[in-house]
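Before I ask anything, here is the structure I am working with.
Chains here go by letter, A, B, C and D, matching the order in which they are written, and residues are numbered from 1 within each.
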Amino acid sequence: MAAGISANKRVKVAILGASGYTALELARILVRHPGAEVVAATSRAEESTRFSQLHPSLTGQLDLDCVPFDATQIKKAGVEMAFGCLPHGASQEAVGALIAQGIRVIDLSADFRLRTPEAHKKWYKEDHHHPQLLAEAVYGLPEVYRDQIAKARLVANPGCYPQTVQLGMAPLVRNGWIEPHSIIADSKSGVSGAGRSLKLGSLFVECNESFSAYQTGIHRHTPEMEQVLGDVGTGPVKVFFSPHLVPMDRGIFSTIYAAPAKTGLTTENLRSAYREFYRDHPFVRIVDHLPATKHTMHSNFVDLHPLAFPDRVVVLAALDNLTRGASGVAVQNFNLMTAQKETAGFFY
Amino acid sequence: MAAGISANKRVKVAILGASGYTALELARILVRHPGAEVVAATSRAEESTRFSQLHPSLTGQLDLDCVPFDATQIKKAGVEMAFGCLPHGASQEAVGALIAQGIRVIDLSADFRLRTPEAHKKWYKEDHHHPQLLAEAVYGLPEVYRDQIAKARLVANPGCYPQTVQLGMAPLVRNGWIEPHSIIADSKSGVSGAGRSLKLGSLFVECNESFSAYQTGIHRHTPEMEQVLGDVGTGPVKVFFSPHLVPMDRGIFSTIYAAPAKTGLTTENLRSAYREFYRDHPFVRIVDHLPATKHTMHSNFVDLHPLAFPDRVVVLAALDNLTRGASGVAVQNFNLMTAQKETAGFFY
Amino acid sequence: MAAGISANKRVKVAILGASGYTALELARILVRHPGAEVVAATSRAEESTRFSQLHPSLTGQLDLDCVPFDATQIKKAGVEMAFGCLPHGASQEAVGALIAQGIRVIDLSADFRLRTPEAHKKWYKEDHHHPQLLAEAVYGLPEVYRDQIAKARLVANPGCYPQTVQLGMAPLVRNGWIEPHSIIADSKSGVSGAGRSLKLGSLFVECNESFSAYQTGIHRHTPEMEQVLGDVGTGPVKVFFSPHLVPMDRGIFSTIYAAPAKTGLTTENLRSAYREFYRDHPFVRIVDHLPATKHTMHSNFVDLHPLAFPDRVVVLAALDNLTRGASGVAVQNFNLMTAQKETAGFFY
Amino acid sequence: MAAGISANKRVKVAILGASGYTALELARILVRHPGAEVVAATSRAEESTRFSQLHPSLTGQLDLDCVPFDATQIKKAGVEMAFGCLPHGASQEAVGALIAQGIRVIDLSADFRLRTPEAHKKWYKEDHHHPQLLAEAVYGLPEVYRDQIAKARLVANPGCYPQTVQLGMAPLVRNGWIEPHSIIADSKSGVSGAGRSLKLGSLFVECNESFSAYQTGIHRHTPEMEQVLGDVGTGPVKVFFSPHLVPMDRGIFSTIYAAPAKTGLTTENLRSAYREFYRDHPFVRIVDHLPATKHTMHSNFVDLHPLAFPDRVVVLAALDNLTRGASGVAVQNFNLMTAQKETAGFFY
């Protein structure tokens, strides 16, 4: 486990935006990570609040004070790597200031995910303030961009929904086995995906015992999916994306439909191709059983189950949106960036 | 409310198979229905158990003894109409015996839903024991077969999932606006859809905090959908059906995708066409907001929300699987069969 | 059902404070109530919003516009009776204005529950603005104050928790069978009890999969319990009250402990005494099985199950906090105040 | 972390009774434990089934075959320590056979918890088959019996409910600050406490959205509580124990009431006394905030919050019933028995 990293070689890290669920999940992983040490945490809303007051489950585990963001102070604390858990939009300034201080950043917001300022503006309705950093940022999906991630100064951590579609479709797109414009991703997410801010729709009594759709066909995670699958294949890919809300804390499940581009595909073909594609990737499991989000809960695994039908290919994909969907893959990226074992800090 | 039906004109009804959730839901509606009186209930497993012991919420409301099935005794009790809540397969004998006694039946099982013995055998893997009754049975979807239902001796109450797809697609199929082989129904159900029998997969800890798929592409509700939509349109319709399990008690939500058969369709076109199609049907609501199963909970409403995109039509459909999906539509059929107001006995 | 009340004799009612869960529950009951007609609804936050926009489940059922509160306008609309669903504190002015217009009020807030301005100030930390109305208000627990309620201009609808303790302990206190200072009420509530306002603690991810205590020993429902039990018995009664939050929408369960004041009490004694005490009260069920909140869901029943042990008496009490705990008992009070059948408008 | 235990010094362990939730939780902890290696697993019902087929979340993590129990084979596999996850009653024979083979056992059933055959028979209605082992067994509550556990051949792992009451009351009982016959423990458990067997009451739709009581005043965990608190104090202690079922997967919350034996106790006194009592015990947290089960989820912590009132002492206690309540404390005992760090294998 993390061989060669002794306790005094732990990489000093900061968590920006301590109050939300991705920060909590990051902290849970990092407090037990043999190669990391959380030495700073920032919070806009709460000056000098202890991390464990924001998140009582960490009482006695991470009692660090959360302070307002200040890149110079973070540098002085010896931080080598920062995890950004700020809201979309708010992340750009902080990331720019840290990079200027020589601190590498894994940004969990969407601010650096799309490759061009134009794409960013189209989907996020705002001009991008750091187009050069945007161009430099590496999209943090290790199964596709592992080598670039290892060397990056700035990693744009991928979205929770997109990973199910990117990883679920990559082998088919790479092999040219599906029509690239036929993809429909019907995705379902636990409520933590909506964050910890105060919204009527996030109240217990609004969500509980209810299943609903939102942003059908217009969700901002769509271009990330198309960008990565475009890289994986040989031409543009289109995804129709339809997200839904499930009355549970965590977990994303995507049922992804596509039209086959060749005849005779069998489920067995698909499984073999998927196992081959992900052979060197420890966090992708091609499972023989139908997936369920609970099987991936609190783990960094993505479970994939491809199925072939006469006129249809269907891939079922499940992951934990807070772990693999956000903070887990961020730590996976951290491991790659700091030359640790890709699985360091994960225990199941 | 149920004008003209005085207390001594209540139709005497029986509930067969009292122990399950559809029987409970039926009883909840019928004990307050001004034109019905539950005078008999049967249960295989439990001899002489009070209905309210099987379902404690009805303590003081329905304390009737449940007895083993005996068509002659049911006739002697003055029953005019029976609701069958028996498991698939077990229903055929009971229905045959009741019809022979001159008692009309609304059968909530799947035993009389498919029109031919061949189709039944293909999907249910058993020979049908009453092919003549099968031919005579009317499929109990009031929005499509209202007149035949009114006169039927035997109504095959529709499945919970199928209704979302049938009602969700009917206006599009009738108008010829979609490619009839392009339909994908991605459906999500609360756990009560699995019934009250003891199965590992129905345990709280297995379902709770988990979202999963089952019987992807091979579920037995598929042929019902295709049969009804074939009637509605002008030729065969194919549906790819993909059901999922949601950690909640009740509710079905279907996200239904199809390829448009003509260009220029707008969401506004669709809403108008849907409102026109369902103008005389009090239990179908074309809603302007995105549906949620909770909005239909404990009601007999189906909420539909059609959306047009450049290359795609999407319909969102929600209902309560125990009420509209089973026992509510059974009472709606009962109202039609006994010439009561279609909405009698429903209050929200 | 509500014999003698024809459609044109429906009592015209208003709902004040339309946006919350108790207003929704009231509307659900009232839209189907044969002796009531909702003709006005007010909302502070939302000018001219339709009721069904605030509560989409009522689409097509109650599409009334919600307007800012104005007692004169409410009078002009012909309202005879108003239901107040305003927050504590905000209710006093509105109630005063309506009473001045000759409109009778059932106030669901806590503003008129305690009998003296001193008690009110002690627990609610504010001076009461209408001490005379406070003195006049009748506490709306029909099983104890039925006759006074029938004649009241102003009914202070009881709290959700208090009813479980008041009804659960009343027979024991009346008979002098328990030590009046020994009562411990360990109560558990679904999340809707916290209302629909935006609070971190009401978010799905905060409540779900968690059980917690709050305001142990200091909750403001304590004096209501003691006030009513003091009326029922022959001297002061003290209650130690300890509320908890349960990850479910609705339901209150109280486990109430007391020291017996006499020896030889048996469970059978208690059940008989409880059945006798509540003989004429249709909404209290003394059940032989252990209660569960689900048995009372969406109903106006209170289920009680008393148990005797050598040194301890325990009463288990369950109800639905939105129905019997708030809006259901409000309609029960409405029925009494308008000389309708006590059960009018309730169906299970 | 587990200093001095190199990979080839991992203690070989077996899990008996692999199909249930405590076995799953054990496996989750042990697969990442630096000083343990799971080399055998047994299952009665399922011959030669892989562990990960019983528990798909462990796919790729523990794919070991589960075989029928055979003490000789377990010995041959080099097992030094066995964890018994068999049902109560079934455990005695297996434990006897393993001890005879020189294998130490941590038994998670209730079979060896009560000290005398008479007590066992009184509460479990059966003669004990191994009275000598019963006498020898050490009750596995590390905060009370740490030294005996370290040397034991057979540890009777404590019940989930009892630990909240034992740890919650121990400082008060030790100090003589409460009346020893006045304890009332009102406890609430998630559904996994009922195990993974097929029971109507464990179905999702029965438990979900419901709160209920069971075995009020007669539950078999009562004598364990009294036995341990009797050891801690200076005379017999009586507990009135009242368990309840909460619609959530995991977590136990106990609200424990007692009458103070001295005047003048303050909450501050209590907190200091508790912190002193548990100073050397890493898994007990005396928290300043009101506990919630979610704060302890998936961890081995017990959170305690004592409160003093004029005539009443109340202690709030929370833990995760599968981790600290069963499999976590079993691993804590394993660590003590194998001279590893008490916290080895735990990460939060």
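As a working rule, a residue touches a chain if its C-beta (ideal position, glycine included) is under 8 Å from a C-beta of that chain, and two chains touch if they have at least 3 such contacts.
Keep in mind that this is a model prediction, so the values were computed, not measured.
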Larger contact count among B-C and C-D belongs to C-D
Taking each chain's centre as the mean of its CA atoms, chain B sits from chain D at a distance in Å of 46
Chain-centre distance (mean CA atoms) for chain B and chain C, in whole Å, is 36
Between the Cα centroids of chain C and chain D the separation in whole angstrom comes to 40
By the touch definition above, chain A meets two or more other chains at residues 206, 208-209, 247-249, 292, 294-295, 297
Contact graph of the chains (line, ring, star, complete, other): complete
Within their complex, chain A touches chain B through residues 181, 184, 186, 188, 190, 206, 208-214, 216-217, 240, 242, 244, 246-251, 253, 255, 257, 290-295, 297, 307, 309, 311-312, 314, 316, 318
Given the complex, residues on chain B that touch chain D span 21, 191-192, 196, 198-200, 202-209, 247-249
Note: in the complex, chain C contacts chain B through residues 1, 28, 31-32, 34, 56-61, 209, 285, 287, 289, 292, 294-299, 301, 303, 347-348
